[in-house]
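Next come the structures, one after another.
In the two complexes below, chain A is the common chain; its partner is chain B in one and chain C in the other.
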Partner chain A sequence: MNANRLTTIEQIAPITEEGTDYDFYFGPAHSGSGNFGVKLKIDGEKVVSARADPGYLHRGFEKLMEYRVPMQNAVLSDRVCVLEALNWNLVHAEAVDELTGVEVPQRARYIRVLMAELSRLQSHLIWYGAMSLGIGFDTGFKIAFGYRDYILDLFELITGGRVYPAGYICPGGVRRDLPDGSEDKIKRVLAQTEDVMQKMKDFDNAVFSSRTRGVGILRTEDAIRLGATGPVLRACGVEADVRRDDPYEIYNELDFSIPVREEGDAYARYLVMGKEMEESIGIIKQVLERIPEGKVREPQKITPPSRVKIPEGEVYVRNELARGEGCAYMRSVGGREPYRVKLRGPDLLHMIPVLEHLLKGAQIADIPTIYWSLNICPADMDR
Partner chain B sequence: MAEILLKEVKVIEEISAKFKIDGKVQRERRVWVTIDKDNLIALCNFVKELGFEHLSAISVTDWPQEGRFELTYHLWSYSEKILLTIKTKIDRANPIVDSVVPVWQENAQIHEREFHELFGVEFEGNEDLAPLFLEDWDGPPPFRKDFDWREYTRQKYYNKENEREQAYYD
Partner chain C sequence: MSMVKTIGFLCEKLFSKPMTVRFPYEAIEIPEGYRGEHLLDIDKCVSCNLCAEICPNRAIEMVELPEEHKDKYPKTYPRLDLGKCCFCALCQDICPRKCITLTKNVFLSTPDPCTAIKNPMPKGQE
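Then we have the complex of A and B:
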């Protein structure tokens, strides 16, 4: 036999210089990432580099709004972020209100804040649910989404839509007053939300904290440099909240505190989330106590859109969304439609620079934890 | 009123001591300044030293009649609690502007990448202007005012011979 024809192990699996490197795709199929992908370079179990791959939900809202009048844009603005439609409604309505200079009735301002805080509560419940799913804690996911439905029932009662309120918070106020008996229902849902928050505290056991503590640590200076805002920034020890620093609507009359943690890891973000939910419940209770009687929209009659013009000017409004800073730059040249709208969502920065930064050097098993601990929403990144 | 807006006026005074700007206070916590594009980076470095360390957003507005793009940089100061907007205009036919990445780093990088794609603005000094949202896009920058999306869609996606799609050509 010819010895040269023997197959050696080197011939079957040649050892190359590449070693244990390989490419790994997280997303974009919606299996727990949202419509968004991250391309990762892995060495063994460790992420070497990450590259975000956005664009799967790009719908071009900014361009669409240039062709529509504000009342139509109010409906469009729901769709900017699926998970907190009412907060984006408010951002849009405030930009138009500031341009037109309309005096929004006091009752409408209270209803706006009430809806924005309810929306924050349900968004934080999604956050808790998705983060539980990310660490493999299915019970937390199911309980959070179950209790979120009680808040969606309230949205259905008040706005007519469970997820998308169809422009309930519109320029000039809100579309209609709170229906009879809604105050009792809101109080009942708040009690239920307190139940789920107690459950969250009970679940904060060895599993939850050991999977999140020390994972995805974001330092304060990195957070500011990368443009992190909202709960992500507050979990890094920066006490910044648009509701207090740049107050809009009636937030300067309300009494609430801003939870801050110093650690900057996923567990700190989770703790900030829990505290923020408590603060939101406190805000809603204050609003229900103080809400005045009166009109809910100015003007009460809706003028045919063809006659309404937006006065010339430009504004930049900032709001505190559940996930961070949400802004709108609106420019008008005196036409019926805005000339240019720029929407600034928190997730463009959370999902690209911040996520890429945090994933570098992480373990594969921690990717979903880091990803969901940032409370992300691909919809408002792509717009 | 003037007393309340003292800190806003102070920001304009501090900037105009060093730069030739056109500044105004719109309301409480809102300051707008306009500068020519040659002094943009120097101004950005200066205001960052003043405390405007959070770049909230960059935006581009297209003015085709004027032949200009207007760039707006919205900056927030965590210490002063003021939103400062810097506006500058660049030539629309030759849209090149210096990048602010050296000033606000990764945050600015991603915003500039977006506007390179949507408006076709060239940011000199930004090394990664790869496409962000649009996949396999070969048309003109789609957010420009003169981009006729109806015509583009008709040519690219519809067939005039197809009976069901003829309505798009009426």
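Then we have the complex of A and C:
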């Protein structure tokens, strides 16, 4: 055989001085990224620069809401973020309540907080599952999603749907009362959630910490400068929580603490998530003890769209969602529909400036860990 | 010690019930109040148009019945397009006569899109 005719690797990919540089696309057609992409420039194994590539899930909620009455918008607000639909229901309902000046019944306020905290629990389980998947720990993913289904069973019982509650938390209260036997079922599900949290702690040292400790460190000043909120900010040592700083519904009557970590890495974010789940369980138990009897909605019947009138004015409300701060600006000029709605989700800033900042200088193997440790949701970012 | 614990855990799980069920041979029971397929009872309908008005997806249209039923049902009645429906149950909540109710039936997948449209028909002829 003539050795000269052999094709060598040097002939196919000649080594040059710039040979170790290449472009790398993380998403959007990637099982681990969601409907979102990141364009990366890599040198060897190291990320040189990262550019977020959003826009694959834009549905135009802000415009759609200008053509619908508030009750229809409540149904629409589910879809803003699939993973925490009830929390977005609450943001929308609070904005409308503040505009219309409706006095929400006390029982409805308790049910709203109960559902928002259950939603936070299931969202954090998704976070744990997705983060596990990101580091290649499939067992964590399966266990988290399996136990999340018990919470979805509760949503099915209370709201009539597993993932989309169809505006269960609506302007004026909630759409229907808790069904008989739901309190016992909630307590059972809380016990199951505590069970999965124990499992998460058991997995912690062996698998989780070795892949997440020291990865994606976000310094406090960077977190504030880039607009991080929620657990991402709290994992950088800032004690900021809308439930405490600007209480809404009945949060000022409840006793809960705000977990904070100083490290700012992916592991700190995971620890904050675990502590927040414990706090949420505590809040739900307090709500179940104190929930009063009474009406759940004011007015009790749905007003036909032709008779709806939103008083003139503008409001800005903010809530603590599972991922960070969720806000709604609503303006009315006295018509049936709002004149302008602006939704501010936590993920736009987490997924563009914060993610780009954290990915710069990271290793390729750490990209999914950093990505999922921010508890991101492309649906919320694109809206 | 941790290996003993792991083996004990594995043995326990070997004989415990799985988290999933063997669908379609068995299924998790759907609770009351689930938002599934609609049930139309046009005998109760007063043609108020509220369901069509509140529907966020415009999945409901008020239509007339075929000629042979016009004597008994002279007004317009809701026709539902399940392909557009988001199963929010606003139509059920706003209906003053409980003409539309959402049932627990979730088995709605169909190869023929025409069957996703529910026309208003007298009882027994749906």
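Note that the second predicted complex is superposed on the first by the 365 of 383 C-alpha atoms of A that agree within 3 Å, B and C clash if a C-alpha of one lies under 4 Å from a C-alpha of the other, contacts with A are read in each partner's own complex, and residues count from 1 in each chain.
Keep this in mind: a residue touches a chain if its C-beta (ideal position, glycine included) is under 8 Å from a C-beta of that chain, and two chains touch if they have at least 3 such contacts.
Since the model is a prediction, treat every value here as computed from it, not as a measurement.
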Exercise. Considering only touches as defined above, state whether A:P292 meets chain B (first), chain C (second), both or neither.
Key: neither
Self-check item: Contacts of A:E156 with chain B and chain C, given as first, second, both or neither
Solution: second
Quiz item: Is A:R175 contacted by the first partner chain B, the second partner chain C, both or neither?
Solution: second
Practice problem: Check the contacts made with chain A and report whether chain B or chain C touches more of its residues. | Solution: B
Self-check item: chain B versus chain C as contact partner of A:G146, first or second or both or neither
Solution: second
Practice problem: State whether A:L76 touches chain B only (first), chain C only (second), both chains, or neither. | Solution: second
Quiz item: Who does A:P353 touch here: chain B (first), chain C (second), both, or neither?
Solution: first
Exercise. Could you say whether A:G167 touches chain B, chain C, both of them, or neither, answering first, second, both or neither?
Key: second
Quiz item: In the superposed view, which residues of chain A touch chain B and also chain C?
Solution: none
Exercise. Mind listing the chain A positions that touch chain B in their complex?
Key: 54-55, 58, 60, 62-63, 224-227, 229, 238, 240, 245-246, 314-316, 318, 325, 327, 329, 331, 339-340, 342, 344, 348-349, 352-353, 357, 382
Self-check item: chain A contact footprint on chain B (complex, rising order)
Solution: 26, 29-30, 32, 53-57, 59, 61-62, 72, 74, 76, 78, 81, 83, 85, 104-107, 109-111, 114, 132-135, 142-143, 149
Quiz item: What does chain A use to touch chain C in their complex?
Solution: 68, 71-72, 75-76, 146, 149, 153, 156-157, 160-161, 164, 166-167, 175-176, 179, 301-302, 304-306
Self-check item: For the chain C and chain A complex, residues of the former touching the latter
Solution: 19, 28, 30-35, 50, 53-54, 56, 86-90, 93-94, 102
